[in-house]
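Input: structures, listed below.
Two complexes, one shared chain (subunit A), two partners (subunit B, subunit C).
Showing the complex of A and B:
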């Protein structure tokens, strides 16, 4: 399958400061791709280069199989992190203006806007000025502006900021529906649990460089330490090869020595009659832990990218 | 190009949908209208409409405003024998002598009384005795002055003419004189028209170019610009804004100039001159020059303020530097006396040739006097070249990185960006 977005060795300087260094990744149809990194890592600059807002100083960007064109831009929906709407204009004319700028005919835009406004419970507020809407309402309006022209590539930067749990779930569902419809979605967020729940693949950028790239599951497995999680009855602390056994909320976390594998522990437990196993799993770190680990490990020094195909 | 047209439409509808725009466009000229025609109506009340005496309503109305009580008089010279026809007898009270008048003054029946001494005809001396000193009371024509004049000449029309002999002057102009020094009768007109042009052009140019600054900086401040940049190149955004807001400015100028010229045409009689046809005041093709100078002037200052808007993170910071950019437009305003006294003098000539002051200065000068064609064309050529340069320079400021930057505006930053744009 050809990638919708293919970024190769992208780099960007601002004066002498190299904001992005050799960043590469690909995004495919029907996937939600996580673009992650600490503040100032170069995520937004990478997105802006991808969207042809900034010209890269090095590397190539391919969108929909080639260079960016004005027609291709109309197939992209972008929700930037630094976003807003015309505060002193009405909600409806603001969204219509943004929709027509994306190539929509005004009549179609008006019809589709009505559907979206009703879906987001904003229809009754369409005549109000944007500044009269709550922050959450404005956030939803911005998501409408991103999706109203039915884009094939959706780039959302912190899509859940400012939303309450109900609307967060609504936006999550809408992004998932877009993915199921075969759209490529690039999502940048600091909410790692959302990434774990929604993204199939991620790229982690730190200090302008790619430090992690691949499938979420594989990354987690590869970052798993030599440890197992156990739930059951009995004493699991005296198993051979266990360096440390911690018990919390009825579950055991066993840290193993270098010569012992989770498989060895599994075999050892299988022959014991004094314990009963209810759950046994290789302990995997959360994406949050991996993020912090990688970023802290990198420190101020650029590190080699770890790729997980 | 389609998106540029959308920006143009958006800028026009956004601006004209603001009540403040219509307030500025119409209320400002309406205030001028109200002052002009209001005072004209008042003045008409004092004028003789068909040669008959009709001076009373104005005099009495004015007197009632300042002194509602009747005016007393002691006529020792026996000059006052009758009141003019239609003069209300209760407005004046005759007293036989000063003692009687003093009693009435003390009782508050009158607040003042005049004494016409026996040798009044010879000396012209009068005495006014007031309960309290009131200087404002003497500003208008006193009803007593009218009665006295009427009794001296024994004719109401002659009395009215004596009181205001130039109340109904009718001015007719055959041609615009070529000489810089206007004839005496044109003095007031020549003073009003160029000054009005100075102010109208100054306000229209500063306000319209201010619209561009506001539009650019508000899109930065509202953080809409990044979404727009996915659909538009920065320079397309600039083009759309300048053209759209230029159309709005043209509308505003049409309203202001139309109202201004109408007021000037109608308002001159109020200033004591007869109605003067505008064709007699303004040179042929004046409107064409006005439109050309407006377009070049607007493009120059809108480009400059637009560039400022790209660098300013918000409207407030951008506004701090507008004074410097608009300073050249203010200089002719400060020197407005020169446009009346010596419209073809070296100072005004230089101002009307220098590109940053010429949009305001040349239009005012054209309204003041006859300007050699080579100077007008030369000035336009210089202004056009400057406009071209500033539009190109401003376009270099319209970049994604400047539009998306939140960096504060400072002199150092402007200088840095200027160097970057020129090199």
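Showing the complex of A and C:
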């Protein structure tokens, strides 16, 4: 299957500052792809180069099998992190304007807008000025602007910020529906549990460079050797080779150093009389843990990217 | 192209639906005609309806002419003759007349007249009417074949050295056009410049920029905005011109001079020809400023200086009227920012050589296109720098390294 987006060795400098260096990834139809990284890692700059907002200083970007064109822009829906709407205009004319700029005929845009407004409970507010809407409502309006023209490639940067749990679930469902419809979705977010729940594959960028790239499941399995989950009685925090011990709801999560295996911990516990084990399992780390681990490991020094097919 | 029109339509509707626009379109004519109307009413109200007497000791006046003059001009003053000054004084004291003129015996040699009035000096229009009466009477004494020439003076036609341009003095309202154009330039174009500044800084401030730039190119966005706001300005101008036409038609029913007005179509055509690129130039410069700075207030301060460049000719009105062909004014004609007003002023006063008009228009149009291109490029550089001012060095670097060239290099390397 040909990738919808193919980014190869992308680089970008702002003056002497290297914002992105040698970033590569591919995104396919029918997948939600996570673009992750700490603040200032170069995620948004990569997205902007992908969208032809910035010209890259090196590397290539291929969208729908070639260079970006004006016609291809109509097939892309983009929800930027730095977002806003015309505050002094009505909600309906604002969204209609943005939809027609994406190549929609006004009558079609009007019909589809009505459906979207009803779906997001904004229909009653369509005549209001944008500035009269709550932050959450404005956020939903911007998601409508991203999806109204039925794009084939959807890029959402922090799509859940400003949303309450009900609307977060709604947006998650909508993104999942888009994926099932065969759309390619690139999602950039700091909410790792959302990435874990939704994304098939991810790329983790740190200090402008790729440090992790591949399938979420494979990445988690690869990092699994470094932690165990325990349920039992006693203090498990003082075991040798444990970097961090966290206790939550009666269960322990032990993060191990690189030279310690779960088998070593199991043996260490077996000889102790002061503890009682009720459950012992090799822990699959959360993406949150992996993220922190990889970013801290990389530190200020650029590291080799780890790729998981 | 469709997107450009969409942006233009959006900008146009957004501005014309604002209350401030309606206030400007309706308010300015209302203000002007209101003040004008009050002045006229005060003038008319302050007038004394009683006739004005005269004593013709020189025997030059023809009372029969008065009937003819009164038929021509509805508001012509009523004059009545008195045999001597005593009779006129008696009538004045009795309140039958408001004033009387004495035409002394020596009038034909020294041209001196005398006016005596009661409580208040008569209006200026009465003296004007008496001048018409007196001049008409003097002309009537001459042979019929020379009367029109004596009454109307001469008609001067000035022709340029290359023979391509002619100017006829004393015809129509041509001399008014530059002043009206200046007025429009100030109120309509400058307000559009303000809208443009606001349009660009607004989208940076409310973060709509990034969504827009994934739908339209910077050049489409900038051109669309300029086009839409030019439409706003033209709507303003048409509304004001419409108000002027209505005022002229209504006014002509009451004021004789308005009936004699003719419209200088050639000059109006020239005004439109120069207005379009001048507007594009202003739009380009304003947008460049708006894209380079972070706040509207900063942009307005810089744009104030730019505005001055466009109204430079107003500082040299005295020179334009006294020496409309001076080399300095030729320079102003060829300078893109001052071309519009200088050409219009000089057109009404002298025969501008055709080459100057052609070169001026071409240089203005090329500069305008360049300014829109510059605006699009600076806009692209500055559009996502939220809260950051663009440095001149960054702008120059951005201009030196055109985007397409860089893209080709990247593709070749790949």
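For this structure, a couple of remarks:
In the analysis below, the second predicted complex is superposed on the first by the 252 of 309 C-alpha atoms of A that agree within 3 Å, B and C clash if a C-alpha of one lies under 4 Å from a C-alpha of the other, contacts with A are read in each partner's own complex, and residues count from 1 in each chain.
Throughout what follows, a contact is a pair of C-beta atoms (placed from the backbone, for glycine too) under 8 Å apart; a residue touches a chain by one contact, two chains touch by 3 or more.
Since the structure is predicted, the reported quantities are computational estimates derived from the model, not experimental observations.
Aligning the two structures on subunit A places subunit B and subunit C in a clash. Using the contact criterion defined above for the overlaid structures, shared-chain residue A:133 touches neither subunit B nor subunit C, since it reaches no partner. By the touch criterion stated above, A:8 is placed in contact with subunit C alone, subunit B being left untouched. In the superposition on chain A, A:154 contacts neither subunit B nor subunit C. Contact with both subunit B and subunit C is seen for A:98 once the two complexes are overlaid on the shared chain.
By the touch criterion defined above, A:56 reaches subunit C but does not reach subunit B.
Judged by the touch definition given at the top, the superposed model places A:145 against both subunit B and subunit C. Clashing C-alpha atoms with subunit B after superposition occur in a single stretch of subunit C, namely 112-120 (options considered: 76-84, 112-120 or 130-138). Note: residues 48, 51, 53, 73-74, 76, 78, 80, 82-87, 89, 97-98, 100-102, 145 of subunit A belong to the subunit B contact set and to the subunit C contact set alike, using the contact criterion stated above.
The residues of subunit A lying in touch with subunit B in their complex are 14, 48, 51, 53-54, 73-74, 76, 78, 80, 82-89, 93, 97-98, 100-102, 145. Considering their complex, residues 8, 48, 51, 53, 55-60, 67, 70, 73-74, 76, 78, 80, 82-87, 89, 97-98, 100-102, 142, 145 of subunit A touch subunit C. Remark: subunit C residues 3, 6-7, 10, 14, 202, 206-208, 210-217, 384, 386, 403, 406-407, 410-411, 413-414 touch subunit A in the complex.
Interface residues of subunit B, counted against subunit A in their complex, comprise 3, 6, 10, 13-14, 18, 218-219, 222-224, 226-232, 400-401, 404.
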